[in-house]
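Supplied in structure tokens, the structure appears directly below.
By written order: A, B, C and D. Residues from 1 in each chain.
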């Protein structure tokens, strides 16, 4: 197992460098002049020239890439024009919020998606199955941002069940930052009131963010469960008189969950992208909102940094998914 | 594959329970927006961020709103119409030649750290602003020198002007007094305390700064032992929170849900919509504020006067009124009606396609075919609708419009330099006093770089007229000069002159004591008299 | 696939009433359309696929004849009528009017045309870039394949939407830039699909047979390999149409896509959100339009996959 | 002596998209305690479906038992509740299947699945520790080398033969009364095949279990079983002691089957296939389903149900055209 991790980590480093190359290419080969992009729209010409020299943007592309990598290594991701702060500090402040939202959403999608997928298989072609399948097909088709607006309108405004947005009431005491994730920090500092309010604020955004993932997990898990339940070893298990509950939740699910894992990994990545939409609707101060604000005022450094961070986290997730896959499937485990 | 329905139903039930688990969490009570251990905090939801707090630096509606609560000035504007009220200075007198003004300070005035507000502190504050020479400094430039301000005794300050200045008193409310001890203690490498005062306060005002969370919320705590006391009895008032909300829809929603007690900057139909709610009321008050689509007179396509005239005559002025649902009046002069010496200008441009084409013919683009960039405040619906009206109107002269929404700080930054100032920029400008000089100065090079000076107009004749009128003290002699100034400004067409709109706020009925004064900028609230009583 | 099907082979079409003396096996004429008729039969049997087909056809129709059937064609080009702004849905304005009096029904219908154009361009460009690369990667087993596949992996490891936002951030907001960005984000999916298909087809016996009788590489690719890739490509293309429309609408919602007064659904919702809840119709109808269109393409994609590519089950 | 298992007039159909598929047509079969019955027929004649349906292992829907009854030890078991049927499986009847590769769950250890089976069969009255000992003992009985290591390993780490032994162990842990072996050796290579057959034969005799051996290989059946029933297209066409089936087959289909098998002692015989193909069972006629391919077929074969007649002691044939059958007027 250790050997797999090492090999994958080395491979990931190459992927990361590749990611930086692509992101670097976007900022340089794009028709826009990189110096003007970095300086921002309201910079004067001589400011742009000064920046060009300062950042060595006039040198050939290869050296510029080397300079770019060394800056990254030194943690200098540039400064944001619209927050007037170093991008690194912004990321430190905003990324934990996005991470909390995405983890919350993927947990919701999996904890609801897998059972519903199983139920869809159990009630095949009955009413519950049709409704679950309709939810699955629409879930993928519903625009996340529009769904967020409708949830906000109905659940928050009309029924006043949930707050409109943000992460916490202004005057609610904030737990001291350990992980930057409010739910975790408030639990660590034992402040249950804040924890409840933090979860409270997470419900609607994570509902909007997780629906497409929930839909896909249902579809994949339902198909896999159907296929697995027809397998011979299930017939054998039933022939031995093993109880249906054990057959479904263990014998079948452990096999069906493997391909579903791949979908969970893929959907986690799309969710990272989806934060760009959902955080805007709910004014949720994460990297998604940070990136869109930067994009609208063509403030370039933050967008590049956020792309890097989200890309890297998606790679990490893919690695974790592969590891769990090896953990669960002995046939794969024995090959490494 | 015989799966009993029983397991499947248990599986769904557990999933529903999980989802339902979220539902049982408590809802927020909605009497007052925020409560912290019994104390009520009033929440004001606005869209404009507070870029800094330093009284000596540039000001806008959000900055000045905060400064007014954290600091005191010698005098203060209150009421409708706006009148100057004694504040730190209980009384004042002027010498016969009108050159020396003497102010007697209130004896009991004290700073937040308990130290008394002395004449020395007043002198220190005025000298600090003059030395930094930003923000309000332009108001007294050329009339008062730093050494002309002296502390006669602990509670008396005298100003010696080098030439008589009618508007002197009308500018003083914007010169706030800082606590010298606190500023001196926080000077870092000769920045005169600017670093410290950026996000901290050293004043004597009715509120203290509790939390300054840039981009999210600014929390002010009520200064219970404020030396001047409060005009209401309510010991439950804990403070005021100015909370940033990105879009007007979110402001409205916060108000409806009771997450905000008062919201500013709503469009007329939004105010109508919230007004229909029984426990929300709205105010609507004509203001000194003028609106103009400032054009860059030095760079780009709008540098050519003919193009500016063409754009002015092609614009559909009726759309201003319709967008404001009738709650506005078209400006008949660069000076708004409430300004002394305002005279209606005969040839104020109105929509006249023939004339527009006439001017176009004389320009470098005889048949149009160019694009203008229109910059407006992101999320400000009124200005966005004007953009759409502009696109429709300019189709007739074959001009396309590129709408660029920016945050207010970015807009001000773009308007600060001739090279980056956009072709057209939507600006609401409120004069700092009713004296005509406060508006005329906006078309003088000394205003270049300020948000209302993004046209960078620099016409020698006009500048001479403004300076002459400024120095004149006898009103009968000033009036005709200002009339000529207004005509000259219209001829130079540095902007498309817009409208005087009513402005107002929407607030929950449990908000009491709200007073608006025309001199205040749109969305600038005076917290002093405001308090909540939820029952 | 239930137990019955797995153990009992499909009977060969002899029914009752045949002469009980063993029938001679006559060879039916090779029916080129039989295969398509069989596909259509299975396709027709699933309600969801038919629903998908119906929605897509309706959408294409609206996109084609839109400008001629809308009540206020000039509204789509940005002409404003402030005196009839923010009217709720009524007899004249079926979907109500927006904040400057433009008829929302007209803009949604014309928006369909924009959306179709966006979807086709993105999917088309992605196929034009992705399929050839996939073929090359599949056929060659030298370093070329490694580089192509590694670049594809890197692109696929970045969440599509944020990469698109980054590209539009560099190019500047606008519908053209948005489409270029999304195409750049979309092609890797096709490379991976085609490459894996080519690999599986390559070592099929009939391909080796063709090679053994001297068929040129070119012929093998375009006669043997590419036709086999067509069905998964068609399936992915129809699913991608929906997803591309959704992504373009998302960029529009962020203000990075179509600029005013261009009628694009995403942009309409981003303005419409300011008018919730009192003028709910402004953001409701464009949202529904996106939902139904994307749903249609997804259902059609599912249906095509069940017919064209049954093995690719999940 | 009361038969252990008696299936009377059992009919079963599957409703699929293409219509209802009449898989089993009024089958009757009996098995006495301690007897070893061979069930022979081509792939797809319904022999597996018959035995599985009898014990509730065929999902309904899409299957549906339209008529008939199944008595086990004199007790009707078709109407049992799913729970009761489940209680029987493993303790009264055990099944082993054809391909050991696919009939063991790949992601669970062999030991876990054995313990699960045992605890299910003992209705949970057995602790995990005890179940483990029973399992190890059983693995030893099926001659599995080094049982403890196999117990802890995963299925893919075992060979085909070893896996089949594990399946047999799993089936017999609760000492069932009836073992249904559904082509247990078909997927194994010949050398292993013989070992497994000997193992089954020995265990069946030692534990006094009655056996139904399902196979399409007459050789396997002749070695293990005392009586043989031949099935064709869902109908039992002949049922007789082993010797009579081989020496004097009565039904034309049985003759055809034997002609297609190389006789060990007459290598020079020419092998002949049976012309034609399987009938379409979507809405078959009610008569003999071999008629289309039967050289002796006459019109009446197709018109009505063909009852079984006794052509010799304990030798039943469902045919009216072959000689030895009474041709009633």
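In this text, a residue touches a chain if its C-beta (ideal position, glycine included) is under 8 Å from a C-beta of that chain, and two chains touch if they have at least 3 such contacts.
The shown structure was predicted, so the numbers you read here are calculated from the model rather than taken from an experiment.
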Quiz prompt | Between A-B and A-D, the pair joined by more C-beta contacts | solution = A-B
Practice problem: Return the chain label for which the distance between chain Cα mean and whole-protein Cα mean is smallest. | Solution: A
Quiz item: Taking each chain's centre as the mean position of its Cα atoms, how many Å separate chain A from chain D?
Solution: 53
Practice problem: Starting from the mean Cα coordinates of chain A and chain B, work out the distance between those two points in Å. | Solution: 40
Quiz item: Per the centroid of Cα atoms for each chain, what is the distance between chain A and chain C, given in Å?
Solution: 24
Quiz item: Quick one: chain B and chain D, Cα centre-to-centre, how many Å?
Solution: 91
Exercise. List, in ascending order, every residue of chain A touching at least 2 other chains.
Key: 152, 157, 230, 235, 238, 244, 296
Quiz prompt | Residue list for chain C, restricted to those that touch at least two other chains | solution = 2-3, 255, 273, 276-277
Practice problem: Among the residues of chain D, pick out those that touch two or more other chains and give their numbers. | Solution: 59, 82
Quiz item: Can you list the chain D residues touching chain A in their complex?
Solution: 52, 55, 57, 82, 86-91, 94-95, 97, 99, 102-108, 113, 116-117, 120-121, 154, 156-157, 167, 170-171
Quiz item: Inside the complex, what are the residues of chain C that reach chain B?
Solution: 2-3, 78-80, 82-83, 85-86, 99-100, 255, 259-261, 271, 273-279
Self-check item: Residue numbers on chain B that touch chain C, as the complex places them
Solution: 1, 247-249, 252-253, 269-270, 273, 318-319, 322-323, 379, 381, 384-385, 387-389, 391-392, 395, 402-403, 405
Quiz prompt | Of chain B, residues touching chain A in the complex | solution = 1-5, 7-8, 11-12, 14-15, 18-19, 22-23, 25-28, 30, 34-36, 41, 43, 214-217, 219, 241, 243, 245-246, 250, 253-254, 256-257, 259, 378, 405-407, 409-410, 413-414, 416-417, 419-420
Practice problem: Can you check the complex and tell me which residues of chain A touch chain C? | Solution: 14-15, 18-19, 22-23, 26-27, 30-32, 37, 133, 137-138, 140-146, 149-150, 152-153, 157-158, 219-220, 223-224, 227, 230, 235, 259, 263, 269-274, 276-277, 280-281, 288, 291-292, 294-296, 298, 300, 303-304, 306-307, 310-311, 314-315, 318
